[in-house]
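Read from first to last, the chains carry the letters A, B and C; within each, the first residue is number 1.
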Amino acid sequence: MAPVHHFLYLGAFLFSTGLIVIITKRNTIMVLLGLELMLNASNLNLVAFNSLHPGSLQGQMFALFVIVVAVCEAAVGLAIVLRVYRQYRTSVPDHVNELNQ
Amino acid sequence: MTPLDTLQAHSSFFVICLGGALALPLLSFLLCFYVSEKYSWATSVLAPFLMMASTVCAAVVLYQAWNHPAFTWQRVWFSIADHTFTAGIHVNNASALMLFVVTGVSFLVHVYSIGYMAGDTALRRYFAMLGFFTFSMLGIVVSDNLLLIFVFWELVGFSSYMLIGHWNESPAAAEASKRAFIINRVGDAGFLIGLMLVWTHGHTFNIEALRALPLDPAWMTAASLCIFCGVVGKSAQFPLFTWLPDAMEGPTPVSALIHAATMVTAGVFLLGRAHFLFTPAALNVVAITGAITALLGAFAALSQHDIKKVLAYSTMSQLGLMVAAMGAGAPEAALLHLFTHAFFKACLFLSAGSIIHALHQAQHQSHVNFDVQDIRLLGGLRKKLPFTFIMFVVSGSALAGLPLFSGFLSKDAILAALVHWSNTGDAWHWVVLLVVALVSFVTVLYTFRLVWTIFNGEEKSTASLVVSEPPVVMRAPMAVLALASVWIWFSWNPFSFSGWIYNHIGAAKDFHGGFVSMASAAWVLLALAVAYASRGRKLDSRLLAQGFYVDLFSRKAIEQPTLQLADLTHRADKKWIDGFLHATAYAQVIVANLTGWFDRAIVDGFVDGAAGLAKSIGSFTRSFQGGKIQLYIFWAAFAIIIFIIWTLL
Amino acid sequence: MQPYLISLLIFIPLLAAFLGLFLPATSTTSFRTLALTANVLQVIVLVVMLSHFHPGGLQLVELKPWITLNMGSWGVLKASYFVGVDGLSLPLVALAVFVLLVATVSSWKITENVKGYFILLLILNGAIIGSFTALDFLLFYLFFEFMLLPMFFLIAIWGGPRREYASIKFFLYTLLGSVLILIVLIALYVSVQEPSGSAPLVHSFNLLHMADASNFIPHALLDPHHISKLGPLSFRAWAFLLLVIGFGIKLPMVPLHTWLPDAHVEAPTPISVILAALLLKIGGYGLARIAFPIFPEAAIDLGWFVGLLGVISIIYGGLNAMASKDLKRLIAYSSVSHMGFVLLGLSSLTAEGTAGAVYQMFSHGLISAMLFLLAGVLSDRTANRTIAHYSGLATKMPTYTAFVLIAFFASLGLPGFSGFIAEVMIFLGAFKSSSVGGPLHESLAIIATSGLVIGAAYYLWTMQRMFFGVFNLKGQMSPEQLPDLNRREYIMLVPLAVAVLVFGIFPQPVLSIIDPYAQHFAEFVLRSGKSITP
């Protein structure tokens, strides 16, 4: 079995990638994808740390719970993006700045 | 005696006559203005009539007052604190006689003016001012106090101003009238200082009251010299005489009345009235001034070309004689000369006026134009103007002081007084006597030079003119005055001046000596011979013709600097005072601008800076709230990373 | 009725001004009638006043509490409505009523903004009478300042081409004077108490109390018994000087006079008349009422200085008049010269000098009113007052010339006109001053006589230049523009000429009113001044 820190490196890499995607991508869809990446990175960490405590299931359970929430979030997020696109004919969040004007 | 007592000493008839003599000229003045423009000719009837009435009244006054105790009448004019300023009348022999002479000559001049001024456009003003002049002159004569004399003194100056400038469209007349008044004012300023001195030290202006005061030579010398300044101005003494020749721009009857017979002699009269104030030191000044004036006037008269100017300088010279006699302590002699002079000089002026009038008329008919007053253009008029010639010779003889004429008597009186004075006083008194003798010599020269030039010889410019004698209204007054120029009215004895006037006009001292009379007669006859011998000669001297350049001197040395000073003050006002104000105003504006700048740059800058700081901080923090979600996330992440790094390290 | 006469005189015009606010601005005649009615009523009140007045001290006095403020330990501030007339103020009040009537009549020419004009004129009227009658320093100061604003607007709105400059100059000058007076007002306020003496301390503005040396609070700033010095002079002397400067600006006194020619040249005729005839007199009045009696020892010490300023004014004003090219400017400078006589007379501290000074103010009021009306006649016709542009007017306008002649000779002090009496008495007083312990040296009076000669010179020269010689006009004027006097002008000028003449020949009626005051003034200032001087 691979030592746990390899999973942590992977989690960190994924998290950073997700963060960068969120910050740099202009499209909302891509931002949502970055978000998914970050959630999955945290899931990976949860699962990896759970392996250090054999016999307990909190890590896995929590990861499952996150996946469920992520699915819900993706569904609501995509629906909002769709509505926003209908309304403003754009899916770039910076262009939706009605309050700012 | 209280005023009431003296009133009772004189009959009410006397008082009415005195009042009439004084008031009628004033009435004439008022009525002449009241007459409407259309009937202005009426003034030439009305004014002489009123003046005649006044003369009659004056004659009664003279008759009743002569050798009686002085009539006095006083009323309070106004009072301040416990000092009263009175207005009063004091009629003694001298003033009664003067009253008569003034009204008489004035009446004759009024009558003469009917002819001379006929057709003048401002006849009403002319007669009104003559009336006013007569009134003010009478005021000087009868006033009992110095302040009142000063009042009338100025008023005669005013009427003289109006009458010299009667033809005010002529610039020369306007100039002459102005100068006359201003020069008189210079003398009057001195007079006023004299009044202040008298008031401060004597506490009264009343002449009789002053006479009773204890004498203090210091202030009396000062006061009398100041009063003498007024005399110098009014009686055309050196150095304030230049206005008199200029005053000849006025109508000739005015010259006769004001500038020969009456107003100019007011100074002499005042000297007689206030003679007691004059200390010996002051009298010396008076005598010297008189002598200088007499000398200057006589010589200046020698080389004048204008007939009236000759007479003007001669008047000045005669006034100088009177003043010198006053200075020599002989007021009676001076007053005697004043009275004789009033008649013969008025007659001379009226004769000159008669020539001028006749030639003007002739010029008018034949449309020839030349200066009728210039004696160089005249000659041989004896045949054309025989009556005027006789008048001129008679009055001229009186002026020259030929025996049997009034002038001889009065000049004799002056000479006798001066001889007495020279014998008793310092050596330089002789110089004054010699000067006076020289003057009487020169007087003969210029008088007969005038007679010969005008009436004898060839006719010059007048040859082609048809000249006729002036009307009776002009001839009659001349005849009366000429008649008054013979000795008989003044003294029975043609060689003794101690007649009724001389002996009763004051506290007369009898200086009469046969020697002086004889010497004077011989001296005058000698002069007559010299005059005859030199009748063709001309004395062309610019110095004399210009009256010793005193006029020029006063223009250059007094008038111009005064005007320059006036300009200087005007500029000082504009430049310095206003300039200072404007400078302070500008300084204020500059300071205001500075404080304004300070306000804007520093004070406002501070406030604005604070606001700007808040604003920039705000906009800086605001820049985080750009509504850009990703930026939020970036900063959140960034902050967390910083936080993590900070907690870990 | 009698106790309210002075208040009536003050408040009739103010009431009329108030009524005027409700009249329609378009009705020109109604304002004229209103102003004239007020003036005529004032004349009636004045006649009643004169009949009640007996030569003597203060009369027709009204004393009402006005402001009483308790300021705790600082004492009580007490100002009263205190008015009255005496030999100093009555002639001036009479003059004011008379001249204001003439000024109203001469305002017929005003056509623009008549409403504003007459309302301001009426306010000015009330303020002038108030200044002449107030006996409370604060009340006096109030009226004094109150005159300033109407005058400013009357010059600034209805004036000539340079009116803004002139009005601002006038305003600033006068305001400076007011400030100096205010300083002394405050200093006196803190130094004087009511004579009762008991607690609480009552600070009063009563001028009569201020003139009494015993009413000063011990060791106060201006206490005459403990004189404190500032530099070479005592505080009291400084206060006196401030008052002299403050009132001297109004008088005006050289070198504080330059507002006057400008204001006169620009002001419309009636305002010039009021300015010369009345406002200048308030300067002299203030000196006689306030400066001299309250600071008698300073008046004795510095009287020579005041007299010297008077002599300088006489000569300097005369010389300036001689160099003036504008007729109104000439007359304005002649006013400076004549008001110098007032200074000379007052500072002599003799009965003659004081009476002469008051009489001079009275007489100069009449004469200067006449002179400015005459100058106005010319500027109404041609709007050109340059002396050099006229010549030979005597042939074209004989009646006008006659009046000018009368006015000029009256002004140069010919006997028979009122100015002569005044000037002679001033001369006598000034010369006598040193012999009775007064402050003036004889030489001042002697030097001042040159003013007589200068006066004759500039007037007669003007006469010669403008009226004598051949008729000729320059500067785009035509002879048709110059008709002789019309009836309205005649009606204004005749009473003035008659008054000048009557008061010159019969001065006694006015002098008997002035006399008790003059005696008291000279005697009081000399006595109390001598008692204060250590």
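By our rule, a residue touches a chain if its C-beta (ideal position, glycine included) is under 8 Å from a C-beta of that chain, and two chains touch if they have at least 3 such contacts.
Heads up on the chains, UniProt names are A = NADH-quinone oxidoreductase subunit K; C = NADH-quinone oxidoreductase subunit M.
If you're wondering where the values come from, they're calculated on a predicted model, not measured in any experiment.
With chain centres set to the mean of the C-alpha atoms, which chain is at the far end from chain A?
Most distant chain from chain A: B.
Please identify the chain lying most centrally, where each chain is represented by the average of its Cα atoms.
C
What is the distance in Å between the mean C-alpha positions of chain B and chain C?
Measuring from centre to centre gives 34 Å for this pair.
Which integer distance in Å separates the CA centroid of chain A from that of chain B?
Going by mean C-alpha positions, chain A sits 127 Å from chain B.
Take the average of all CA coordinates in chain A, do the same for chain C, and state the distance between these two points in whole angstrom.
Averaging C-alpha atoms per chain gives centres 100 Å apart.
For chain B, write out the residues touching at least two other chains, lowest number first.
Not one residue of chain B touches more than one other chain, so the list is empty.
Which residues of chain B touch chain A in their complex?
Chain B reaches chain A through residues 626-630, 633-634, 637.
Inside the complex, what are the residues of chain C that reach chain B?
169, 255, 258, 261, 316, 319-320, 322-324, 351-352, 355, 392, 394-395, 409, 414-416, 420-421, 424-425, 427-428, 431-432, 435, 442, 445-446, 449-450, 452-454, 456-457, 460-461, 463-464, 467-471, 507-508, 511-512, 515, 518-519, 522
Quick one: which bits of chain B touch chain C in the complex? Just the residue numbers, please.
My answer: residues 76-81, 83, 147, 150-152, 154-155, 158, 161, 165, 168-171, 173-175, 177-178, 181-182, 185-186, 188-190, 192-193, 195-197, 199-200, 562-563, 565-570, 573, 577-578, 581.
Can you list the residues on chain A that touch chain B in the complex?
These residues of chain A touch chain B: 19, 22-24, 31, 93-94, 97, 99-100.
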